[in-house]
C-alpha cells in the first residue's frame, strides 16, 4: 500500500477501550494526528464482532480486540496484523459464575452459558484445566452477551462465563458465586489496538499518532486532576454506567498506564507461552479454519524476533517499537 | 285501482328495547368501543403492577420490573436533563435520529414496493424476470447478510437505511404485486378500449387502486421496520432509540428500556393513525361511510 | 305466512334523501311487484326489509315484530347484482342451504340428511337448467347462469318472505318463462309473501297480486336529492286474468315520465 | 367504419366447447342484435371480438387486420356485469375517457382541452340522467345508474366497433327508451358497427339491422358440453318498419325451446 | 330470412407473424419465463464470482468472499462429516432443530391469526375489544421485550417458539382481520338469510374465503420468521441454523455462513412452493386457470 493521509480505526465498548472514544471526542487524537500531518477518524462500533469483521474485511486500518480474536479472525483471515498498543490484560474482568454453588468443581455436568468461541470460552477451558475437568464434562450453551444478565435471571441457567460489566451485574444478583476469574490466569486475556502491518510499515506516522494520543489519555486518567476525573466520567457515561461503576470495572483490569510497563509485558517471556495456549485452544475448536492442517498454519512473531508457528506465514506481530518511543518520550 | 298510498290504518309501535342481534351484527357504541378497547391495556397494566410490586417486595433492588415511579424518573431524566457531553436532550436526539432513519428506510421500501410491485404485477415480462428473484430475496434473512452489507456500504446512515429498506421491501413488493394481479380484468380491458396505454393505465388505474393497499402495507411494515432499526442501531451508531436500548440492556436497566419501548410504541401508534387518516384523504372511495 | 307493515319509512344517505313517507301493508301471501325509475330507491327499500340496512325513520314490522336490523332465514333475497358463494361449485352452493339451516357444530349435515339435501339440490339444479354445470365454480358460469343459481339457492331456503331484486333481468325469454313457472309454483305451494322489483312491467303484471310504483312527488330542480321517492301508485292485480295492454302502457308511461333523473336533466338543460 | 369477419370460430374451456363453427360477416355500420339462450356463449363471443380472450380456432378479422388479442380503442365495450372505475366519481369516470385518449406523460389533459372534456362529460351525464349524481362514487349509485354510467363512458370513447352485453337489462322502461334514442343517434351520427347482446327480443328487433340467434345444433345428452353453440338464424331487419309480432314470437320461441339447458334437463329427467 | 350461417365467401387468412402487443398483454412463453427468471440470479452469481476472485487474488486467505470451491468443501464437511464432539452430522442436526422451531412458531402464529383475525374481522365486539391492542402489540419490537420473555418462559424451546410466534403473528392477525372485513356484505347477508349463525358462517363462509389469503400470509411471514428464528437461536442454544451462523460469525467464516444462507433460502423456497401448491389444492376456485 502506498503512503496515505487518511486513516480509520474502530473500537467497541469495553472498559479497557473506552479511552478511544474520549480521544476522539476531546480532540487529543486530532492534536496528535495534526502533529504528524495525517487524519485519523475514530469510529465506535457497538457490536464487537462486527468491528473485527469490518477491520478484517479492510474497512478500517486499525481496531481494538483481544489477543485471541486477533489471532483467529484477522490473522486467520490472511490480514497481516500488528499489535500496536498492548493496553491491558484482564485481571478479573472475565469470570466463571455459578448459581447457588461455591466451588468450581461443581460445574461438572452443568450447562454453561457463554458466548461460544470467545475469550469466555477460553477462560472456561483454562478454568476446567485447573480442576482436572475437560469440556466434555459440561455442556456449552451459546448465549449472546446482550442477553446474559437476563438469562442468568431465569431458572434454566445455573452457570455462566462472561465479562464485565456483565460480571458485576450478575454477581450482584442473589445466589451468584464467582468461582474463577481471569485474575487467576493473569496476562492471558490481553486487550490490544491492532493495525494493519502493511499500512503501518508504509505510514509510521499512524503508529506514532495513535500511541502518542493513547498515552496522553493514560496520563490524564492517572493524573488525579479534575480534568482526569472528568475524562473518566465521560468514559463511564459512554459505557452506560457512572464513575463508580467504571472504577469498579477498572479495578479488575490491569491497565498499562505507563508505556514502559506495556513494553516490558510485550517483551516478556510469558507472552509466547500465552499465545501458544491460545492457538492450541483455537485449533482444537476448529477456529483456525475448518480445514486447517495443524496448529502451526498461522505464524506469530514476538518482540525478540522469535516466531511461533509457520515462520513463512507470519500474520500476527507483537511489536513494542512504537510504545517504546512513547516510553522514551521521543514522540 | 287507487293511487293513494296505503297503510296507516294501524300504526305499528316502535320497538321498546334494543333487540338481541347476532354476534356479527351487534355493533358497538363509541363509548363501548373505547371501554372495550381499553380493557386489554388495563389488564396488562394491572398484571405488570402486581408482578413488579411482588418482585420489588422480595428484592428492592430488582431491576427486571421497575416500579412506575422509577421508570418515570428515568424517563424524565432522559427527556429533560441535557447530556453533559453533547448538551443534547437524549430522548429527543435519539428520537430524531431514529425517526429519520426509519422514515428514510420505509420511504425507500415504499417507493420500491410501488415501482417494482406495480411492474411485477402488471407487466408479464417484468413478472417473469423479477418475481422469482424477489421471492427468493424475500426469504434471505437480512441479518445473516449484515457483514456483507456493512462492508459494501460502510457503517454510516446508508447501511442502516438500506438494512431497514431491504428488511421490509420484499414483503411489500410481493403484496403490492399480488394486489395488482387481483385487479378485475374487466377494468383493465375497459381502460384499453378507452385508449389507455400501459403507462396511462398505471397512472390512472393501477396506482389509485393500489394506494389504499399500499398504505396498509406501510402500516404493516412499520412493525418489522422498527425491529430492523433497532438491530441496525445496535451494531453501529452513537444515538438513536435502538442504540440506547442496546447500550443499557447489558446492565438490565429495564427502568430505561421499558419507557423507551413504550415511547417507541406511542410513536408507532401515532404513525399508524396518521396513515389511516391519509388513506381516508387520498382514497375516500375505499372507505365508504358505515351507516349502521 | 308473514305480513309486512311499513309506516312512515324514511331513508337518507347523508344529505341525500332516498325514500320518504313510505307506507304500505302487505298481507301474508301477497305478491308485490315493485316498479320505479332507476335510482329511485327500490333496492334500498328491499335492503331495509331484509335488515341489511337500517331506516332513518319510520317503522317496519315483519310478522308481529318490529324489524330487527339483521337478515334472518325468515326473509330470503336475490340481489340485483347476483351473488353466489364464489368458493363453492353450483351444487355445493345449493347444499350449503341445508347445511346452514341445520346448523350444528360443523355447519354441515351428514348421512341421510345429506343424501336428501343432495337430491333436493339436484332437482333444483335441473329445474333452473344448471344440471350440466353442477360442478363448475361461479367464475365459470355465465351471467344468467349465476343469476339462476342465486335464485335457486334463495328458493331452496324456503323463506316466509321472498325479496327479489330484478331477478330475471339477465335471462333469455325461454328460461325466464320457466323461472316464472317455478316461482309461481313455489309461491302457491308455500304461500310466502313476495316483494319483487322489476323493470319489466308485463312481468310485474303477470306475477304480482299487487303492483307498487315508486316515484318522487316533490322535486327541487336545484337540489334533486332533497326529496325522496315514495309509493305513488298502488294497484290490486288479478293474477288469473291477463293484464290489459292499456294498464301496462299506463304504468310504463308512469315510470317513464315522472322519473326524477330525466326531470332533472330537463330542468337543468 | 369497420367490418368484422368471423370464420370458423371455435372456443373451448378445457373439455367444454362453448362456440363452434361460427361464421359471420358484419359490414361496416351494421347493427347486429345477438340473442340466444343463457349460457350459450354470447358474452364469450363478445369477449373474443374485444380481444380480451383468444379463440381456440378460426379467424377473426376486424377492419383489415386479423384480430390482435388485446382490447384497443377501436372497439368499445359495455360489460354484462356493469363495470366502471370504483375509485372515480361519475364525472371523473367520464373525464377519464379524454385523459386516456390524449395519453401524454401524466395520463390527463389540462387547460382548454380539460374544459372541453368537462363540458362534453357534463352533457353526456345529463343525457343519461346522471347530472345530479356527478360527484358520487359508483358504490353510492344504484345498479341502473352504474349501468348508465358504463354506457356513457363507452359511448364517449367513440369506438368504431361497439360491443354491448345486455346494456339495458337493468333499466326502467322510460330510461331504456331514452338510451335507445341516444344509441341510435350516436350510431347514425358516427356509423359505427354495433354488436349488441340482449334478452329482449323486441329490443333486438327495434335496434338491430340484423338479428343473429346463437344456439346449439348438435347435442349429446350424456355430455352436454361436448358441442358448442353456433349461429342458427340470421335475419336481415328493416329498422324503419316495426317488426311484426309474428317475427318476434318466432324468435322468442327459438330462444326459448332449443335452449341447451332445458333440453338437457329434460333429457336427464 | 335465411337460416344458413353466413360467411365463407372470402376466407380470411390467419396472421403470419405474432402481432405486437401492449406491454401488459405480451405474455411470456414457458421457456422465456425460465430464461428471464434465471437472469437476475445469474447476474448475482457472476458479480459474486468476480468480486470473490478479485479479493482472493489480493489475499488468498481472505474470508469475506470465499470461492465456490471453499464454500462447497465447507458445506460438504458440515453435511457429511460427523461432529467430533457430538457425533452428529451438523448440517442435518441444525436443519432439523431449526425447522421444528420454525414450523412450531409459524404454526402457532397461523392458528392465532386464524382465530383472532377472523374474530376481530367478523365480530364487531371482539374488534372493539382487541383491535387496538393488537395494533399496539404489532409495533412493540419483540427483541426489546426479550428479558421479560425469558423470565416468564425460561430459555428453552418455548421461549424461542414464542419469540417467532410473537414476531410474526400480529401482522398476520391484522391482515386476516382486514380481509375478513373486506368480505362482500352481500355474501354475509345472504348467508344469514339462509339460516347461518355466526359460527356456521365462520366455518362455511369466512374460513374458506380467507384460506387463500391465510396461505399467502404464511408465505409472506416466513421471511420474518426465519429472521426471528435466527435471533432466537442467537440468544441461547446449542444447535440450529441460526446458532451456527452466529457462532461462525465470530470468526468471519463466510465459507460456512454463505452456504448456510443459501441452504436456508433453498428450504424457504421449497416451503413457499409447497404452500402455493397447497393453496391450489385447498382453494381451486381462487386460482382460475389462465387460458391466455
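General remarks:
Just so it is clear, A, B, C, D and E label the chains in written order, and each chain counts residues from 1 on its own.
Quick note on the criterion: a contact is a pair of C-beta atoms (placed from the backbone, for glycine too) under 8 Å apart; a residue touches a chain by one contact, two chains touch by 3 or more.
Everything quoted here is computed from the prediction, not taken from an experiment.
Taking the definition of touch as given, a chain qualifies here only if it contacts chain B and chain C alike; those chains are D, E. Contact with both chain B and chain E is made by A, C, D.
Averaging C-alpha coordinates per chain and comparing to chain C, the farthest chain turns out to be A. Centre-to-centre separation of chain A and chain D, using mean CA positions: 81 Å. If you average the CA atoms of chain A and of chain E, the two centres end up 41 Å from each other. Computed from the mean C-alpha positions, the centre of chain D lies at a distance of 43 Å from the centre of chain E.
Along chain D, residues 13, 70, 81, 140 each make contact with two or more other chains.
Residue positions of chain B with contacts to 2 or more other chains are 22, 25, 64, 147, 151, 192, 197, 249, 252. Each of the following residues of chain A touches two or more other chains: 53, 57, 147, 149-150, 153. Across the assembly, chains come into contact as A-B, A-E, B-C, B-D, B-E, C-D, C-E, D-E. Looking at the complex, you find that chain D touches chain B at residues 50, 52, 70-73, 75-77, 79, 81, 83, 85-88, 96-97, 99-101, 103-108, 137, 139-140, 153-154, 157, 159.
For chain E in complex with chain A, the residues that touch the partner chain are 59-64, 73-74, 77, 85, 146-147, 150-151, 154-156, 234-238, 243, 246-247, 249-253, 255-256. For chain E in complex with chain D, the residues that touch the partner chain are 1-15, 19, 21-22, 25, 289, 291-292.
Those residues of chain B lying in contact with chain D across their complex are 184-187, 189-197, 199-200, 203-205, 208-209, 283-286, 288.
Contact residues on chain D toward chain E in their complex (touch as defined above): 5-7, 13-14, 21-25, 53-54, 59, 61, 65-66, 68-70, 230-236.
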